[in-house]
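Here come two complexes built around chain A, the first alongside chain B, the second alongside chain C.
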Partner chain A sequence: MFTMGIDIGSSSSKVVILEDGFNIIAGEVIQIGTGSTGPKRVLDEALSKSSLKLQDMARIIATGYGRSSVDEAHKQISEISCQAKGVFFLVPSAKVIIDIGGQDVKAIKLDSKGCVKQFFMNDKCAAGTGRFLDVMSRVLEVNLNEMAEYDSRATEPATVSSTCTVFAESEVISQLSNGVAKENIIAGVHQSVASKACGLAYRCGVEEDIVMCGGVAKDEGVVRAISKELKKPVIVAPNPQITAALGAAIFAFEEVMGTNK
Partner chain B sequence: MTDTTNMSAKELLGFYQEELYEEARRAKKEGKLVCWSASVAPSEFCVAMDIAMIYPETHAAGIGARKGALDVLEVADEKGYNVDTCSYARVNMGYMELLKQEALTGKTPEKLEKSPAARIPLPDLVITCNNICNTLLKWYENLAVELNIPLIIIDVPFNHTMPIPQYSKDYIAEQFKNAISQLEEICGRKFDYDKFLKVQEQTQRSVAQWNRIASLSSHKPSPLNGFDLFNYMALIVCARSRDYAEITFKKFADELEENLKNGIFAFKGNEQKRVTWEGIAVWPHLGHTFKGLKNLGNIMTGSAYPGLWNLSYTPGDMSSMAEAYTRIYINTCLDNKVKVLSDIISGGKCDGVIYHQNRSCKLMSFLNVETADILQKQNHLPYVSFDGDQTDPRNFAPAQFDTRIQALDEMMKQNKEGVSNE
Partner chain C sequence: MSRIETIISELSSISNNPRKAMEDYKKETGKGAVGVMPYYAPEEIIHAAGLLPVGIWGGQKSISKARAYLPPFACSIMQSVMEMQLEGVYDNLEAILFPVPCDTLKCLSQKWKGTSPVIVFTHPQNRKLEAANKFLAEEYRLVREKLERILDVKISDEALHKSIDIYNENRKVMREFTDIAAAYPQIIDPIKRHAIIKARSFMEKSKHTAMVKELNSELKSLPVEDFTGKRVVLTGIMAEPNEVLEILKENGFAVVADDLAQESRQFRNDVPLGTDPLYRLAKWWQEFDGCSLATDAKKSRGPMLIDTVKASKADAVVVCMMKFCDPEEFDYPIYYRQLEEAGIKSLFIEIDLETTSFEQTKTRVQSFSEML
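== the complex of A and B ==
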């Protein structure tokens, strides 16, 4: 039996197709999110790669910021519950999840069954999110996937103290013009992201294992900065961008089986 | 005179709200005094002196709910009021500015012309009380200075410890006396103590009916949705010292009790989860917040906000009246705030709590993080907080709200169904 989880975020679209509740048949990501062609493209890609049709899906659950606009879905579940479900499936020892996506930063505390005990999210401000890193990468003329490497060469991380993305951008520009090395600025940017996420994690209560997911988890520089700030190891979920879609697919499976109360 | 005998509570609510504004406009035309008042400032003194009353906070909420806040907020912005200032204050200062321009030029500014809110007359005096916040002091001082009119301040100390000490009640009672002598001077006649006693008695009858409505949310399923209290609140603010409030609330309580008897509940269908809403309503997005909860099968059965007007006291006893006006939970220490909210949550038999992080209302919001933390340790109920504002529509993001309440709903569901093990 196949089930599908669709996670439409603010800056990327993800689909997971699951066989019998445990075998990941497809896990696709397109780096554009709600309101774009991303949702349709990622769906087509997942179906094409798995050689399956939409009709083969026993149940489809949508999650993420754009969850209400997915016509194919039978139901919507919040990304908080889906992240918890997906991460706990991959890392059953997880106690705290740090999820950094396009516009949200979340810290989610799990109980020993993987249920959400508490969660905290960023409020009005998008500093410390994936979009913040996008902006910095553009200003620094360094690709997002190269930022971790730059960070690893930093000798003295610069301070990026502004809480606002726009002001932080000016701060970075002025550091660049003062000749501060990009490596050090990038390490400072990563620390800034880490401090926002860790603030939320501290409110949850930090307890191992700590698992990171969301697109930003692919940036090892951020993972290192978070681990340093929390003084604890941080596990990156396998394929961290698809964990919420995976959770949605598991929920879909449990609903078909009648095991999800 | 309109016959109100056969009106429903909802009709009475609309009728008396309009009637109050009409009375104020008429008073102004006839050269009688009009007073603008803070929402939990004692209304008894002015009503005893036959002064027509307008409540800017309720008026601002109405402007917000009718999607007219942005226009007047922009006027306040232009006058230099910082966006960190309470949005009720900014809406009112903006509205006052438009009324003032009209009075000075004889021309109605376009923004005033197209404002969806009820037209209100400019005040001849203002009365404020800092029992719900200190912004009200500067807000009303500004009104008084801008319009060159008298200001009555009833200073109520914050209760850092409970119970309320006698010296505090004595001090507030002295403030009342001072307000009375100011009013005698403004009105040019002696204070009518006989009428004052009658007004106090009327206020108590209104409050008793208000509390009667609020208590109905303890039934499960509930005949009352807490959002109804947000709507009916207009009269406990604006007419508690008149029989308008008593008549309307009695009718509403009777209707709800009848519904309860007949098995008619507020949630059409099956109420699945019950939540407490801590904080002021998001007036510009009231429909969105209400429907968001409703679509998930949730009903709001707890809110401490309407309880601000649980102003029970003994008529004729100034010390007792002083206590009623100072014990408002946001004028008390964290321990007491937590206790009040805890009683609201258990009284409403709630499964979770929603905290409105509303930077307009500093006293209600800024202790939320600590309050939520303490309460959760006590009751183990899930909670979420969201960013919003009582009247500035720019400070609320519907999608952010939706994600939080959906997650809360899922947490409440897992708790109720025993999936979670803690």
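== the complex of A and C ==
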């Protein structure tokens, strides 16, 4: 039996097709999100790669910021519940999840069964989100996937504000014009993201294992900065961008089987 | 339309249009209105003068002119009040009563840009001393004198006692209403509940009491039906705009009690008995607890919330955090921990009167509903 989870975020679209509730048949990501062609394209890509049709899906659940705009879905579940479900499936020892996506930062506390005990989200502010890193990457003329490498060469991380993306951008511009090395600025940018996410994690209560997911988890510089701030190891979920879609597909499977808690 | 629907519709329309409520009062009595700034003020003095006390609670609007006078981190309720005073919205008020229990109100009281006279008074924060009652009674004496001068009326002790009785009756009926409404969430949804309570900020209280009394009696005559959704207690300054309450409703939540400054905190305590009406009003402030704006060394808000959750058989607490309200932000970690220790789940949502996008609130509320 096949089930599908569709996660439409603000800056990317993800689909997971699951067989019998545990075997990931497809896990596709397209780096454009709600309101774009991304949702349709990622759906087509997942179906094409798995050689399946929409009609083969026993149930489809949508999640993410654009969850209510997915016509194919039978139901919508919030991304917080789906992240918890997906991450716990992959890392059953997870107690705290730090999820940094395009425009949201979330800290989610789990109980021993993987159910959400508490969660905190960022305010309506791009600071500390994937969008913040996008802006910095453009200003610094460094690709997002190269930022971790730059960070690893930093000797003295610069101070970058975590209050506001616009202020932080002008801080970075003035540091560039003062000749501060990009490596040190990028390390500062990563610390800024970490301080925002850790603020939410502290509210939840930090307990190991700490697992990171969301697109920003692919940036090792941010993971290192979070681990340093929390003084604890941080596990990156396998394929961290698709964990919410995976959770949605698991929910769909559980609903079909009548085992949904 | 049933009598219940008619009463709710009338109260909702007053709640949504305070200006019309003021105009109607003027037509009916020939007397005007006095504005009352948040959060707590001796409205009874205005009532005893025969004028209509009208709550000034801001409104949902975008902010531009107020930016010239307030920093961006002033709370959103004061941002909208500033914007509207600059637009002359409050200029037909005879006067404005201005308590200053937080820094933003203190500063705003000194830069009022409207044309109505402003009467500023101070609540003592060392509240549990007898000297606090004496101080506040003296403040209220000055408020009475200023109102008498501005309005050219005499406010007698007898009229004040009578107004206190009318207000206490309204408080009692409102407490009954919130209890009864909790049993009928299918009829009194979060939006209607809020409108019925908010209408009391713009109505002569005996009129409001009569309508709510009738509503209570009509509701009680109906059978209580099973409610399959979740029951929550709201805490904070206010739960506006209505979109926030709509989201709660859409996700199957019923508001079974509240600890909001705009709602139950206004009527959960009566003004105590006594011989001097101003001292009675002052004593109310001493007996009032569980609000971030009233210094409380014992930090009783958490235990009070826990008691409310138990009494109303609620499933959880929803924290309606007014954006940039530092007294509320300071209180939060204390009662959050107390709720956690008591095993009571809570959800934090941000209240911002300027916002037009509610996606984050939707995600938070839906997640909370899935979590409970």
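Everything below uses one rule, namely that the second predicted complex is superposed on the first by the 259 of 261 C-alpha atoms of A that agree within 3 Å, B and C clash if a C-alpha of one lies under 4 Å from a C-alpha of the other, contacts with A are read in each partner's own complex, and residues count from 1 in each chain.
In this section, a residue touches a chain if its C-beta (ideal position, glycine included) is under 8 Å from a C-beta of that chain, and two chains touch if they have at least 3 such contacts.
The model shown is predicted, which means the values in this text are computed figures rather than measured ones.
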Worksheet item: Overlaying on chain A: chain B and chain C, fit or clash?
Response: clash
Practice prompt. Give one of first, second, both or neither to describe whether A:D123 is in contact with chain B, with chain C, with both, or with none.
Written response: both
Worksheet item: Which of the two partners, first being chain B and second being chain C, lies in contact with A:I77: first, second, both, or neither?
Response: both
Item to complete: For A:K113, select first, second, both or neither according to whether it touches chain B, chain C, the two together, or no partner.
Response: first
Worksheet item: With the two structures laid over each other on chain A, which partner does A:Y65 touch: chain B (first), chain C (second), both, or neither?
Response: both
Worksheet item: Overlap of the chain B and chain C footprints on chain A, residue-wise?
Response: 65, 76-81, 115-119, 121, 123-124
Discussion item. Quick check: in the complex, which residue numbers of chain A touch chain B?
Written reply: 65, 68, 76-81, 111-113, 115-119, 121, 123-124, 203, 261
Discussion item. If we count contacts the way the header does, which residues on chain B are in touch with chain A in the complex?
Written reply: 357, 369, 376, 382, 384, 387, 395, 397, 399-400, 402-404, 406-407, 410-411, 414, 417-422
Item to complete: Show which residues of chain A lie in contact with chain C when the two form their complex.
Response: 65, 76-81, 104, 115-121, 123-124
Practice prompt. Would you tell me which residues of chain C are touching chain A in their complex?
Written response: 323, 340, 345, 348, 350, 352, 355, 357, 359-360, 363-364, 366-367, 370-371
